[in-house]
Amino acid sequence: MGILEVKNVNKRFGGLQALGDVNLSVAERTVHAIIGPNGAGKSTLLNCLVGKLIPDTGSVMFDGQSVLGRAPYEINQMGISRVFQTPEIFGDLTVMENMMIPCFAKRDGAFELNALSAVRGQKDIIERAEHMLVDMNMIDKRDMHAAAMSRGDKRRLEIGMCLSQEPRLLLLDEPTAGMARADTNNTIDLLKQIRDERDITIAIIEHDMHVVFSLADRITVLAQGTPLVEDTPEKIKGHPKVREAYLGENA
Amino acid sequence: MDAIILQILNGLDKGSAYALIALGLTLIFGTLGVVNFAHGALFMIGAFCAVSMQRLLQLSFETIDETQKDFLGNPLKVKTPYVESWFGPEVGATIIDWSVPLAIVLAIPVMLVIGYVMERGLIKHFYKRPHADQILVTFGLAIVLQEIIKHYYGANPIPTGAPAAFRGSFDFGVLLGFDPNVIIYPYWRMVYFAFAAVIVSAVFAFLQFTTFGMVVRAGMADRETVGMLGINIDRRFTIMFGLAAAVAGLAGVMYAPINSPNYHMGMDFLVLSFVVVVVGGMGSLPGAVLAGFLLGILEAFASMNEVKSILPGIDQIIIYLVAILILLTRPRGLMGRKGVMED
Amino acid sequence: FTNEPTGSTVTLGFNVPQTGPYADEGADELRAYELAVEHLNGGGDGGMMNTFSSKSLKGNGILGKKVEYVTGDTQTKSDAARASAKSMIEKDGAVMITGGSSSGVAVAVQGLCQEAGVIFMAGLTHSNDTTGKDRKANGFRHFFNAYMSGAALAPVLQNLYGSERRAYHLTADYNWGWTQQESIQAATEALGWQTVNNVLTPLAQTDFSSYIAPVINSGADVLVLNHYGGNMVNSLTNAVQFGLREKQVNGTDFEIVVPLYSELMAKGAGQNIKGIVGSQNWDWKLQDEGTKAFVQSFGQKYGFPPSQAAQTCYAQTLLYADAVERAGSFNPCAVGAALEGFEFDGLGNGPTLYRAEDHQCFKDVLVVRGAENPQDEFHLVEIVEVTPVGQVTYPHDHPMFAGGDLGKCNPGV
Amino acid sequence: MFGLDTKDTRLLLIVAALALLAPFLLNPFPDGSAMAQFNAGYPDLMQRFVIFGIFAIGFNILFGLTGYLSFGHAAFLGVGSYSAVWMFKLLGYNVLPGIVLSVIVSGLFAVVIGYISLRRSGIYFSILTLAFAQMSYNLAYSVLGNPSSNFNLTNGETGLQVYTSDPQLLQTAGAPDLPNLFGVTMRSSVQLDIGPWLFTFNAGYYLCAVIMLISFYVSVRIFRSPFGMMLRAVKSNQQRMHYTGLNTRPYTLAAFVISGMYAGLAGGLLSTMDPLAGAERMQWTASGEVVLMTILGGAGTLIGPVLGAGFIKYFENIFSKINEGVLHGWFGFLPDGMENAAVWVVEHFVGPGWHLTLGLLFMLVVTFLPGGLVEGGQRLLRLFSNRRERNKAAKSATQSKPAE
Amino acid sequence: MNVTPDFNKSANKASTAPAFLSVWDIHAYYGESYIVQGVNFNVHEGEILALLGRNGAGKTSTLRALARLGDPEIKHGEIWLDHQPLHNMASHEAAAAGLALVPEDRRIIPGLTVEENLQLAQIAPPIGWSLERVYDLFPRLGERRKQEGVTLSGGEQQMLSIARALCRDIKLLLLDEPYEGLAPVIVDEIEKTLITIKELGITTVIVEQNAVRALNLADRSVILDTGSVVFDGTAAEVLDNAELRAEYLAI
């Protein structure tokens, strides 16, 4: 029984069957990659996991509890964090503040009227956030407006924000897209490190096969809304259907 | 039954005023993304185009009539309008009588020019600014326009009648098989309704059957990208603004005989028309028109005695109440588009 | 006492609407005030000072002090009006406040003057409450009120339209509207009229069609518009558009009545006002000496005849100055005592009494009608009848005015 | 100090100094001089400065931080005013119960309106708040205010006021018949004559000023608190907040209620300064006014709203009172023709024309100072400091050029 | 590396042929922040130039400056495209002069369908490919023509953005990370398309984190670091120079 169990999930957009009978089981403390052609429904699947979309039918269980019908913030408080395909950060806030907010959410829960204590005084939060910035190699951008960063930096910040929540399940939607090679490698190392050090399960969507094959324990290939195969990276690499439909010649 | 028919007619008429104003407003507000608090002022200026036309036609020369005295006991100065001396008293009087319809000719260029100047001189700097800034600047402009009008025309309403031919009222009831004089309705209000219908369809047609509408919609969502595709969006925004100003102005001209124009009539309408636009749904022209008629009719019904005696004061709050109910049940108003002014 | 003038000048506060729908009335009031100041200081032709029955004013200011004035904008909002009045008292040292053109504002400012210890000489305010429920020892009203309008109009209406009428009232839904409606209903019912209906209309309403339409089939044959200013202009225009004036009910002509009239409203309503009856406090076409003198000096200075707003404000200023002279002091209590029960003539309204019990002036009331063929823009209103003061006088504890208490005069600090 | 960092402490101290010395600062011109017209140091206006300052500070907590533009905040101002006057009517003229009740009642009112309106965002939220406030205004003006009905909550157009027949249960025999704080009436003043200057120190003003300082202090604390940061995050990206495990609704509702209570407090204070509450306080124009104050001063800044409030109230009260006579006084030194010309020109902008000036200033400020008056101030400061720095940096300038 | 201003716009270090696009010493600012700090390079007609560099190096800013978007603002420098002075133009004029940008965040216009997004590109002249031809190249777009553009999957949006540029008759195509978020097979497809485009004689500047792929395609390469040019040479030179690759591209 995996920490995440997706059963018979269906989702239609008008005439389009975006997800058709998706079944997926992610084992605890593994890295599970989801790959597949553009428009296969990968992001849609993630949306169903975090409460952005509600599947038409099917069930989604996290750690034995259903996530369906819960608000996104409740699902997050259950321990699921997500990095989006296009960076979602607090553009008007500084990098440091961006990093502090998830730390608060982790410490204080969904709402806390902490109106009269100074942010300055929140030593634990500051320490955590700074630590995370160091980890993400962006401490020098501490006081920068997040919106003014280049896109690769935004994405790194967003990953850092999710990690700082110490989620039990981390969902990554193309985390290294647009990231420079050096940082991609750093990110791979970081993810490896947290996978090894923490009690965390990772589900990752990526088109960069380098990332996928360096990280994944198992891979699910999604095509036209249904899982095509699920297997280990080695098997997937050699799978003829996958090569044809997705990887192409160069892989 | 007759009362209900009458109130529906009234509602349609109120609705056409709301719809016309909301239409112009939504062109700017829902399409260009500018919260234009000066829109009411444009409506008001339209109405004062009618007043000015009337004044213009009544321009007179003075002759002294020794036989009569003025209030200080001096000989009375008698005024004769130039048009009457040029075309003879009868034709002249008719021309003066028709000053409101004639004012349309005046209002179109005036409003286009005002719209052009306003957009090029002021609004264009505010497309990218927060809505709050737009409110501040257009509110400032509205005050300035009002004060200018007040300075020249005073604060009290100025009677601006419809042509004599339209002054009576029409007996609808007879058509529907009621007794005579039971359902009567003023001619000019029917003209107003028809006029509104024409303007609304013309604007729809313009935006629907030309690519112009699509471009402007796209421009509002993302100016930069539209520019990147070779389109000079600024020019189209200007045209759009001029169009909206003209619609507001014409609505004002034709409204002059219904309620005598005064300098604050724009502000009186402003808040309601914002409500109408938002209830209709941001960015939707049909929504604005539909909401205009809906609220107009509901307001007419709420002012019926039968209703008021059950719910005292309902006529004062009906529009707001309905607005709240609609916005709570339909997040984006009647026909609003997603993402337009939701943040 | 508050703001006792110590130097060679005395400051009066003219608090009028300069913005908002009554800005034109406000402008006319201000003209009258300036004229009054000029006359008090010995300038101009002296205006009604020459015809005023009390001869204490000498054209050398008030008690020998030159009159200066400050102005403020009430915006026709009680809040703004009070702020403006407070600043005149606190900052400019005004010893008397006058002006205003709405009852809400008058009551609010009157209350303030009572607390601050200065005299308030009300401008345009027609609600019964100003000298009824909300009367104050420091406040005085020269203008007439809703009850008087009813009392003056009713007999004329009976003469013109008979006593078998069925009236339908549209009433502005605020304090003045209510008292106006109550008064006119009582007065007409006393003559045998029936009241078919009374419908309250929102103050902010601009299009009255949905209130007018039900009148058509209500069986009523008179429409009473308890509206003022823009409200009245619009409701009357709408009523005419719906053909009410040509209408016949049960064989009689349908009639419209506008209880409270003004020249400026008549101007706003244009054609539609012709032949419609109402009441006024004063009209420049009156032929008494005071009126003639006032119209002459106002007309010379500004080029058009004064409105009733102007006359009221002018008279209030002279009355105040005169009372100070007679009392020999600016002390509000002394001035109040001098005004209470004061009888005078020559200010355009005929013999007038400032009644001690409620500080309301009692004088003749005009019943007027929109002129059919005005010779010029100043003759829009013609006088139908001058209702003698006796007919509009009521006991100070009349139920419509009950619940008030003048309190004690307050001279302030 | 006070749990603030040095910069904020300095700001607070400056504001405190300005507020406490206002009777001096606002009366710079000697009495009787031509410029005395511009003096604003009289109790009523000073009270208005600080009271509307409180209103705007509170509004800014909602609008400046979360970006939710309420167009109905005047409703809370009005409710606060009515509550305070009702306390005068029922209990007596001590201002404390009035002030307390105004905050409580407006808070409750804000909970209801906020709970419903915050289901929507953007313009839809604005219109919902507007609709609630306009309903309150219309009802207060008419149905709920008819003196002849049994249920006269607001006394309509005239405004709610205290009548001698009111119960005033706690009013003791000797207590003043005016709003007072344990016997000190709000109206009482001490005057100080220094040469041609006359300075007025008014009890009511100081009460309001102290409350304003407390409000300001609380608002600084909120701005610098985690809560304040969350509110800014709401403005920036609600989506992200949700997926970070934060429920935005209680945050926005808390901000809404806090700012509603500030508005109620301001309303209550208005009534204690002048015990009459009019319905116009709830009209949309009043809601619009606080929006304008906040933007004009600089939304989202600490001090901006107070500046904006002062600016607008100054115009309303000072410029509207400049009349022709005053102008002739000013330009009297000119030859007659020029005097008249000058008066004619200026006349359009003062007295009855003060709206015109205000409108023009709105346009100019927002066009040229996008951050409001605060930005104007910053630019001035920068201008000075730049000049100083430029002198310093003159020598090393050659090196700082971009080098590859 | 110090590039001196080159007044002879037709001169070029890599070759003596006349430059088609000449970027000469541009300095550009976002408000106060000085980002593009003197960029020079020339591109010949029909060439593909790979513009490379780390996250935040200023690649996007440079492209945006070329496309004459309001931000960043060029305070100094000149840009010539086929003898036309782009630096004097507004973005719509630059577009009319034959420039098209495929922006990094794709910029699909909300509220418009896929087809409307394409039609929008065909309003102002010069107009390029017909819709049929575009749908031939990207059949997925044809299938989704009535769908709202922003609801497309990430990869589909990328296709739409490129397709939109092709709807215009262009001389110069600026691509900002065109492969990002695309499945490997599609990347192959797009690469083929770019070769087709090159064959049509369209000059291209491509910014890409997948440097090897971009360099394989490109004729020449320019590397940016903190807003200025650190290398200007042939693509082969970069591929051969391991030191350079390691320092600036981490490959």
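In order of appearance the chains are A, B, C, D and E, and numbering begins at 1 in each one.
Going forward, contacts are C-beta pairs under 8 Å (C-beta built on N, C-alpha and C of every residue); 3 or more make two chains touch, one makes a residue touch a chain.
Values in this document were obtained by computation on a predicted structure and should not be read as measured data.
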Farthest chain (mean CA position) relative to chain E: C
Chain located farthest away, centre of chain A as origin (C-alpha): C
Chain pair with more C-beta contacts, B-E versus B-D: B-D
Distance from the mean Cα position of chain C to that of chain B, given in whole angstrom: 34
Centre distance in Å when chain A and chain C are each reduced to the mean of their C-alpha atoms: 75
Chain B, residues touching no fewer than two other chains: 312-313, 316
Multi-partner residues of chain D (at least 2 other chains): 138, 142-143, 355
Residues within chain E bordering two or more other chains: none
Parts of chain B lying in touch with chain E, wherever the complex brings them together: 211, 214-215, 217-218, 221-222, 224-233, 283, 337-340
Contact set on chain A toward chain D in their complex: 50, 52, 71-73, 76-77, 81-82, 84, 88-93, 97, 100-102, 104-106, 108-122, 125, 161, 165
Sites on chain D touched by chain A in the complex: 3-5, 218, 221-222, 224-230, 232-233, 235-237, 239-248, 250-251, 254, 258
Of all residues in chain D, those that touch chain B in their complex: 63, 67, 69, 116, 119-124, 127-128, 130-132, 134-135, 138-139, 142-143, 238, 284, 288, 291-292, 294-296, 299, 348, 353, 355-356, 358-363, 365-367, 370
Contact set on chain B toward chain D in their complex: 35, 122, 125, 129, 131-133, 135-137, 139-144, 146-148, 151, 271, 274-275, 278-279, 282, 312-313, 316-317, 320-321, 323-324, 327-328, 331-333, 341-343
